[in-house]
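Next come the structures, one after another.
Both complexes below contain chain A, partnered by chain B and then by chain C.
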Partner chain A sequence: MRERLVQARNLGLAYGFYFLLLAIVIVFTAISNSFLTVSNWTQIAIASTFLLSAAAGLTLVLINGEIDLSIGSIAYVAATVVFLTSDMPATVSIVAALLTGLAIGLFNGWLVAYLGMNSLLTTLGLMIAYRGVALVFTEGTVKQTGEGLALLGSVKLLGTIPAIFFVALAIVLIFQWILRGTRLGTYWLAIGNNEESARKIGVPVRRAKLAAYALCGISAAVSGTLLAAYLGEITTFTGRGMEFQAVAAVVIGGASLFGGRGNVFPGTLAGVLLLIVINNGLGTRGVSPFVYPFVAGSLIFLAIYLDAIKNRDVRSVS
Partner chain B sequence: MSRLTRRGFIATGSAVGAVLASPTIVRAQGKVTVGMAWPGMQDAVWSTSHKLLNEFAAASDTEIELVFTAADMDVAKQASDANDLISRGVDVLLVFPIDSKAISSSVKRARDAGIPSMAFLRQVHADARDQADVFVGIDAKYQQLSSARTVFEKMNADGAEISEVLWVSGDIRDENSRLRGVGLQEACDEYGATIAQDLVGNWDPQQAAAALAPALKAYPNINHISVASDVMMSGVRQVLQDAGKWAPHGDENHMYLSSVDVFPIGLELLRSGHLDADTIFDVTGMCRTAVELMPRLAAGETFDSDVLIQGPVFTPANVDDPEMQAQLWAT
Partner chain C sequence: MTAKLHMQGVTKVFPGVKALDDVSISVKSGEVLGLVGVNGAGKSTLMNVLGGIYRPDGGHIEIDGRRVDFARPIDADAAGIAFIHQELLYFPSLTVAENMFISHLPTGKLPFSVDKRAARARAQASLDQLGSGIRPTARMESLSVGEMQVVEIARAVAMGADIVIFDEPSSSLSIKEKEALFNIVRKLKAEGKAVIYISHFLDEIQELCDRYVVLRNGQLVGSGDIAEVTHDQIVEMIVGQVVTERAARTRRKGGAPMLSLEGIRREGILDGASLELREGEVLGLWGLMGSGRTELIRSVLGLDPMDGGRITLAIDGDSREVSHDELLERTAYVTESRRTDGLFLDEAIWKNISSTTLADYARGRMRVLDKAAEAGTARSMIDRLKIMTPDHHTQAAILSGGNQQKVVFAKWLNRKPDILILDEPTRGVDVSSKGEIGELVGALAEAGTSVLLVTSEIEEMVALADRVLVLRDGMIAAEMLGEDITETALMAAALRTEAAHA
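Moving on, here comes the complex of A and B:
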């Protein structure tokens, strides 16, 4: 009996949020006729796109036991690059934005991995600095993207689903493959579990962390570029608060804030979906806007609490 | 009792003019130094008002020096900035509060130091004991009221049914957003409509889109959406396009849209016939008035009224009138 309870508890800790997501979908389907419709799930896909692409890269950094709070600002900087290159072909804008994300990611990674700076405080400071750089160029105003990019943002696949969602999904799948199918991914998991031990067995800790930050920078830049393409403009709100939502989604998806555990697919994807589905589902029921922050906040608290329990278990086993 | 009720307020250009032409004006002699405690430069209104205040100050008959500080949305830094300006001995403290309550202590310090203060765009909270000597701002309630009213009139003329409105609001903590909601409610009351749902967009087009999309499913017969700012209009446009309800006026799929601010996207949508009414956020008028009041405040003049600026309503019919075009600042 006790063994079964332990099994059920472990099952709940490991897959609880997937069950919760399923339960929420079932409940919203039961109480709202418009929830489980193609057009509504298309909207859920669109709403997920920007957070998903940024959270995918953040997952890799968190697995290393580090954090990057500058992702929202990187997204804004990338969108600003899109604006600055708006009179050039869309491909130039996209490449320039992604290279900018890569450069910023490498810089962040260099500070954390090679100079040994605290990732939380460093990226917190850089979050403000990067946004400031973008504001210098946008002058705090709304800027239009080029027509070519805006056209790309409106392309639909399979009839109704915007192509930008598939871009985010591709990033998720590629990052998951790197995480679970390559040596680099194994390094990240080893570093996150115990950095000192990883170093002793020959893991190139600094290079591996640098790679995680570089990919995180690229994914944040993708998020900013996709948002600019979708809206056809860049606002000062681009990426604002994204870092906290992304951390929440990643942790809800099962990654540990302490490192060494997590998945981009299905983990982070499920975490993002859970946040978006709750928002959407409450919206289809006409619930007060004051309810959503409470529900989302409670969920994030629960995810972090469960993460702490899981880590306590791991520590007691080791 | 609200501050507006206690002190009354002056709105419309002519009333502002009456205050400015008051015979009891005591002119300040010499240079007037004004310390600006600004929230930051991240927002178009913040940066534009900073620019316009400098332009009007430079053109003023009185020599006005503006000493600028930006708090980067940090309430504590804004208080510190205000203290520094007071210590420096400015003639007037001009505050654009990040936090309507927290700024009250800075206003009190200024008063204790004998420095008059002016609140800009965002009022010191009505419950605070220490109020600024004058408030210059936008009549936020009027903005949404006039915009929505214009659309209801248009719907009446078209013979369209007036029943429910979806309200895409700004930040639930923002007094301007709240007042715009009050304005929409008044317009709805006038025309027998109801607000079906308050959708919080947080001034962010992406969040506005995320909130609006499910609401359109919940209220499939909605034919009027009122938006708290053009800054969220790109998100609204995307959702309506995806829902097959993005069509200019005259088309059977047209969704009546009222909005506020008259940003470039608003102008574009007015011209294309997708947006039906847009009340300007008259930053130019606000900055001009603030600069005109600075020397008077420095000279010790007191004001019984808040100065609330009401801008005109832009519609597809008047958007290109030279008179209207002259009022644009965000383009």
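Moving on, here comes the complex of A and C:
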């Protein structure tokens, strides 16, 4: 009996949020007839795109047992680069924005991996600093992107779904492959499991972490670039609060804040969808928008609480 | 034939201790060298130098007659040295194959990719070579300690290491797993590897090794062929003095019942175990790993779930049913896993020792801790248990494995409990300290403490227990009294369990 309870609990811990996602989709479909429509799911895909592309990179950093809270600001800096290059061809804008993300990611990674700075506090500080730099250039106002980029941002595939969503999806799949299919990914998991052992056994801990931060920087820059392309303009809201949503999505998706466990696909993808679908579903029911932060916050709390339980189990076993 | 490995005049100084003082050893291919010495003698330090973890302050290493210099562990790896650590290094959420090849993952077709199939096949091959049934795709966290160790050895085999170091490999293995380990060591020897084997169990050393080296206080005090020394001669070298036979002792009868357990059950593990622990006796719980020894204790203390049963405790002469917390209050529990729940590794020794009884040191209305008194207790414990350390301010983490275990012991002794539960109290503790800890336990029982002892070491059970209960499949299967407690009887009881499981 107890065995079975434990099994059921472990199953719940492992797949609980997938069931929840399914249940929520069913409930919203039942209570709102505008929920399960093509146009609404197109909305969901668009809303997911920006969070998804940033959360994918963050997953890799969390698996290392570190964190990057500056991703929202990196997205804004990347969008600002798009604005600064708006008279040049779209490809130049894109490359410049992504290189900026890469550079910032490398800098963050260098501070954490090589100088041994605490990632939580360091990136919290940098989150403010990067946004500050971007604000200097945008003067805190709305700016236009180049026309070429705006055009790219409006391309649709498979009927109504915007191409930008597929860009985010591609990042998810590529990162998942790096995580589970390459040497680097195995190093990340090992580092997240036990950094000290990893070092002793000859894993290049610092280089691996640096790479995770670099990819995280690029992924955040993609998010900012996609948003700018989609809107055709750069608003000061770009990436604001995204770091917390992304952490939530990653942890809901099964990655551990303690490191060593997690997946970009399907984990983080499911986490992002859960947050976005809830927001969207509440919207289609005409629920006050002020309810959403409470619901999302409770969900985040739940995810982190469950993560702690899972980890306690693992520790007491070993 | 020249030596495969030669360490010449190695010296290593840590702040406050000279851990190694001009030590030279050599090992030939196809030879097993036994490395012995008391806790803190410098065995692990010597191997850490060989494994590239520490740089020596003097001396050098030669492999196949050529001088080598290891700046990092991977350098030693590359030179064909595999180190099976005293505390295993592993990654719980990775698979067995990933754990084995983490530093040498085979490359697949795509750039940077890992050829998982090749890794699995190679892992399978070296596990097969060791005659192990572990699957390469199993997650490391699903394995037992013994199995994890086999994985580490398989890793060494797969790397093609020709020098293999074992640092106290057998101390957390079951009887069956030990046999498997010995076979593996013999296989490595037959394949022409040079093996260095550290252990506190001299019978293992005598069974497995060709030659021995004894360290004491960081110095080499003896070496030679195993065939040419007796057990007692090695002990004398280790301890540095002639050992006197201890007089045969009479087994205590025990007084009034102190703790009684009735029908303790835990789904799938404990099946109605009952026992009575008396005042002033040492009651041994004997059985294999998995027989429910440790599980019984953990359930009764409320550390694991308990699905049924009664716990009755004598409190000031009255017997009554108690909760887990009331029992814990009156009990000291010395565990086998000092690293995870026995010690505050980053804290000083004196803080560790007083940590269970802080209230006794609180003075005045502000309940300020009397640090001088705490330090005094710590110093006397260090003397009493012969803990090898520069002083009581030393951080627990840098003590040798066995000395850490003594600190755990000191911490609980200091509490003067009614009931003392010992679960593998001398794991990793050397011969002479084992004797001292044994005497302490005896003295405590004389003074009226009720002691419940779990150990997988036969001699320890025979030496300490006044009465032994044999556990099998979560139930008490037999009781042994007085003269009946012999090594053969215990061995027979354990083997019977093994047969029943097979």
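What we mean here is this: the second predicted complex is superposed on the first by the 318 of 318 C-alpha atoms of A that agree within 3 Å, B and C clash if a C-alpha of one lies under 4 Å from a C-alpha of the other, contacts with A are read in each partner's own complex, and residues count from 1 in each chain.
Quick note on the criterion: contacts are C-beta pairs under 8 Å (C-beta built on N, C-alpha and C of every residue); 3 or more make two chains touch, one makes a residue touch a chain.
Please read all numbers here as calculations on a predicted model, not as lab measurements.
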{"item": "Fit-or-clash call for chain B and chain C when the two complexes are aligned on chain A", "value": "fit"}
{"item": "Touching partner for A:Phe50 - first (chain B), second (chain C), both, neither", "value": "first"}
{"item": "Contacts of A:Gly16 with chain B and chain C, given as first, second, both or neither", "value": "neither"}
{"item": "Which of chain B and chain C A:Gly181 touches, first, second, both or neither", "value": "second"}
{"item": "First (chain B), second (chain C), both or neither touched by A:Ile128", "value": "first"}
{"item": "Chain A residues touched - chain C or chain B, whichever exceeds", "value": "B"}
{"item": "Contacts of A:Glu233 with chain B and chain C, given as first, second, both or neither", "value": "first"}
{"item": "Partner chain in contact with A:Gly281 - chain B first, chain C second, else both or neither", "value": "first"}
{"item": "Three-chain overlay, closest Cα atoms of chain B and chain C, distance in Å", "value": "35"}
{"item": "Contact residues common to both interfaces of chain A (with chain B and with chain C)", "value": "none"}
{"item": "Chain C-facing residues of chain A, complex", "value": "1-3, 178, 181-184, 186-187, 189-190, 192-194, 197-198, 200-203, 260-261, 314-315, 317-318"}
{"item": "In the complex with chain B, residue positions of chain A that touch it", "value": "32, 34-35, 37, 39-40, 42-43, 46-47, 50, 128, 131, 135, 139-142, 144, 154, 160, 227, 230-233, 235-237, 240, 276, 279-286, 288-290, 292"}
{"item": "In the complex with chain A, residue positions of chain B that touch it", "value": "41-44, 46-48, 72, 169, 172, 196-200, 202-207, 209-211, 213-215, 217-220, 231, 234-235, 238-239, 241-243, 263-265, 330"}
{"item": "Partner chain A, residues of chain C touching it in the complex", "value": "53, 72-74, 77, 89-94, 98, 102-103, 105, 107-108, 110, 112-114, 116, 141, 267-268, 305, 307, 340"}
